[in-house]
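Structures follow.
Heads up, the next two complexes both have chain A, just with different partners, chain B and then chain C.
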Partner chain A sequence: MLDLIINIVLIVVPIMLGYFFGRRIERKHYDSIREREAAFASLPTTVLKHPIESHNITQATLVSGSAVISIDYFKRFLAGLRNIFGGNVTAYESLIDRARREAILRMKESAQGADEIINVRIETSSISKNSAKGNIGSVEALAYGTALRY
Partner chain B sequence: MHLSNIETIPGKTIVAHYGIVSGSTVRAKHAGRDIMAGFKNIFGGELKAYTELLSESREEALSRMQEQAHSLGANAIVNVRFSTSSVAAGAAELYVYGTAVSVE
Partner chain C sequence: MSFHSNLPDDSVNVTRHSPLADAVWMLGGLLALVIGLYVVLGFGMEAVVKKISIEQEQELFSYLHLDALLDNNTSTTSQKVQHLVTALQEQCLQTPYRFSVSIAEDEQSNAFALPGGFIVVNKGLLDKATSENEIVFVLAHEIAHFQNRDHLEGIGRRFIGVLLGSLIGFSDVNELLQTTLNLSENRFSQTQESEADIYALDLMQCYYGHVNGATDFFKHLPNDSGNYGMFATHPDIRQRVDDIERYSAQQGYGSEALTKH
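Presenting the complex of A and B:
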């Protein structure tokens, strides 16, 4: 009986912690992302091969940024449930969205003094998948592009 | 060394091509980092140790590629691409490649 209670506590407590802390961390992260995105609104960033308007370009450099974001226990639990019924796993969507936007922001931050960033590419990977036991659920995003100075 | 992920280095002209150059690094899970990452997995949020690892391996792959281009006598690399692949359980490769050229 005691074993059963301990087992239930071991399952429920991380889910509760994940729910409370995970939500708070995510909300804080989104606030910070929105704030910094607004600050960088004046820096044109495109997936085009050429600048939006033709300029006399004096400098071009490769810039990149990366972020690794971990999932919380509650979302993992939700995703586990989704695996039974199928459908969109919205819990994971926000995770990937955060990682990619953070990577793009870091790329912009590393492009100090640039007038435009063109040909932006985003790459995602994981060193955690495929490991059968004790795997860490996380998303790695890497954004890169060419920063131009007029 | 000029680097760009578009076909040219803006403001310069390409005078010679040297073919494909590449650099890669394989990074793996780290037992010490994994303990912290395990805790983070309950609360969510950024895994700073792994972000660091990712940017280190990115820099390393880039510098290997630049070394190769340098040894060919190139002074720029255009059309740079990053690519990732899963090598084995708990390990991932970061691969960067591009075309080595001479610009003036």
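Presenting the complex of A and C:
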């Protein structure tokens, strides 16, 4: 009986901790993302090959930003259930969204003094692939582009 | 072309609904599905188990070579217990089983029924026993499990549980499932234990002509074991003792001097 209780506790507690802490951290992260996005909104950032308007370019630098975000126990649990039923893995959506937006923000932060960032690309890769075997997986987003100074 | 500053659209890439509700729905659905399957397969398995004859059982499980794993009846103690079983069978039982007794080096007061007619008795039980009657009650209780095919059902249920678990594959959910199944399994085996107690009393009455010493075994169990209500494997010890006494009184089973062991 005691081992039964321990068993339940060992399963349920990490999932609950994952839910509460994961939610808290995610909310705080989104607050920070939105605030910084507003602050950087005036810096033109595009996927175009050329600047929006023609300028005399004095400097062009490669800028990049990357972010690694980990899943939590609750998200893993939810995604595991999804693996059985199929459908959108909504548990991971916010993870990818945060990683990409954070990566773009870091790229903008690294482009201090730039007038425009062009040719922006985003790449995503997963770190520790066998999350099904009990490892906790994380996602990395890398954003890079060319920062221009007029 | 001119630049308009705008913020990223927050609403498209992340689905806005409660992940908790999602989890509850999926987990609830999965557990309901699996428990449903478990019940259906369980009934099917019971029907199959009832059709397996004792000869088939002995042949089927002879491939496991349990006899090679167990103690080979060489010690005088195990020969004595084996002798008791044989005497009990000759005097009071019509069954094609060839029961084989082994002693396990375990201090816990316990005994087990394994498929193929193997009865494993822990050394601790024999050491603590105050009379032969007490040992005969335990042996008769295990024989009852064989006669009621409980041991095969137990193995069958375990097998179905593992099978369903491997279908799910996902470790967290699987562990939750096994825990749930364990609970229902325990509830199920309580009934089997009570039935086995009654069967054992009938055998004791046949063998000795009285049932004195039947409840002595329970005195040697640690106080905390089995005290978890509906989740315990063996019904509450007090409850079992009460049931045994009530049944003995109903049947008019007497109480005479104990036989030494």
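One rule holds in what follows: the second predicted complex is superposed on the first by the 144 of 150 C-alpha atoms of A that agree within 3 Å, B and C clash if a C-alpha of one lies under 4 Å from a C-alpha of the other, contacts with A are read in each partner's own complex, and residues count from 1 in each chain.
We adopt the following convention: contacts are C-beta pairs under 8 Å (C-beta built on N, C-alpha and C of every residue); 3 or more make two chains touch, one makes a residue touch a chain.
As the structure is a computational prediction, the values presented were derived from the model and not from experiment.
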item	value
Chain A as common anchor, with chain B and chain C clashing or fitting	fit
Contacts of A:E123 with chain B and chain C, given as first, second, both or neither	first
Partner chain(s) touched by A:L17 [first = chain B, second = chain C, both, neither]	first
Superposed model, chain A: greater residue contact from chain B or chain C	B
First (chain B), second (chain C), both or neither touched by A:A67	first
Partner chain(s) touched by A:Y144 [first = chain B, second = chain C, both, neither]	first
First (chain B), second (chain C), both or neither touched by A:Q112	neither
Touching partner for A:A38 - first (chain B), second (chain C), both, neither	second
Which of chain B and chain C A:N88 touches, first, second, both or neither	second
Partner chain(s) touched by A:L78 [first = chain B, second = chain C, both, neither]	second
Where chain B and chain C come nearest after superposition, their Cα distance in Å	13
Shared contact residues on chain A - chain B and chain C	75-76, 132, 134
Parts of chain A lying in touch with chain C, wherever the complex brings them together	1, 4, 7-8, 11, 15, 19, 34, 37-38, 41-42, 44, 52-53, 74-78, 80-85, 88, 90-91, 93-94, 96-97, 101, 132, 134
Residues of chain A touching chain B in the complex	14, 17-18, 21-22, 25-26, 29, 49-51, 56-62, 64, 66-73, 75-76, 102, 118-119, 121, 123-132, 134, 136-138, 140, 142, 144-146, 148
Touching residues (chain side chain C, partner chain A) in the complex	1-3, 5-8, 10, 13-15, 17, 19-20, 22-23, 26-27, 29-30, 168, 170-173, 175-176, 179, 182-183, 228, 231-232
Of all residues in chain B, those that touch chain A in their complex	2-7, 9-11, 27-29, 34, 37-38, 40-47, 50-51, 54-55, 58, 62, 80-86, 88-92, 94
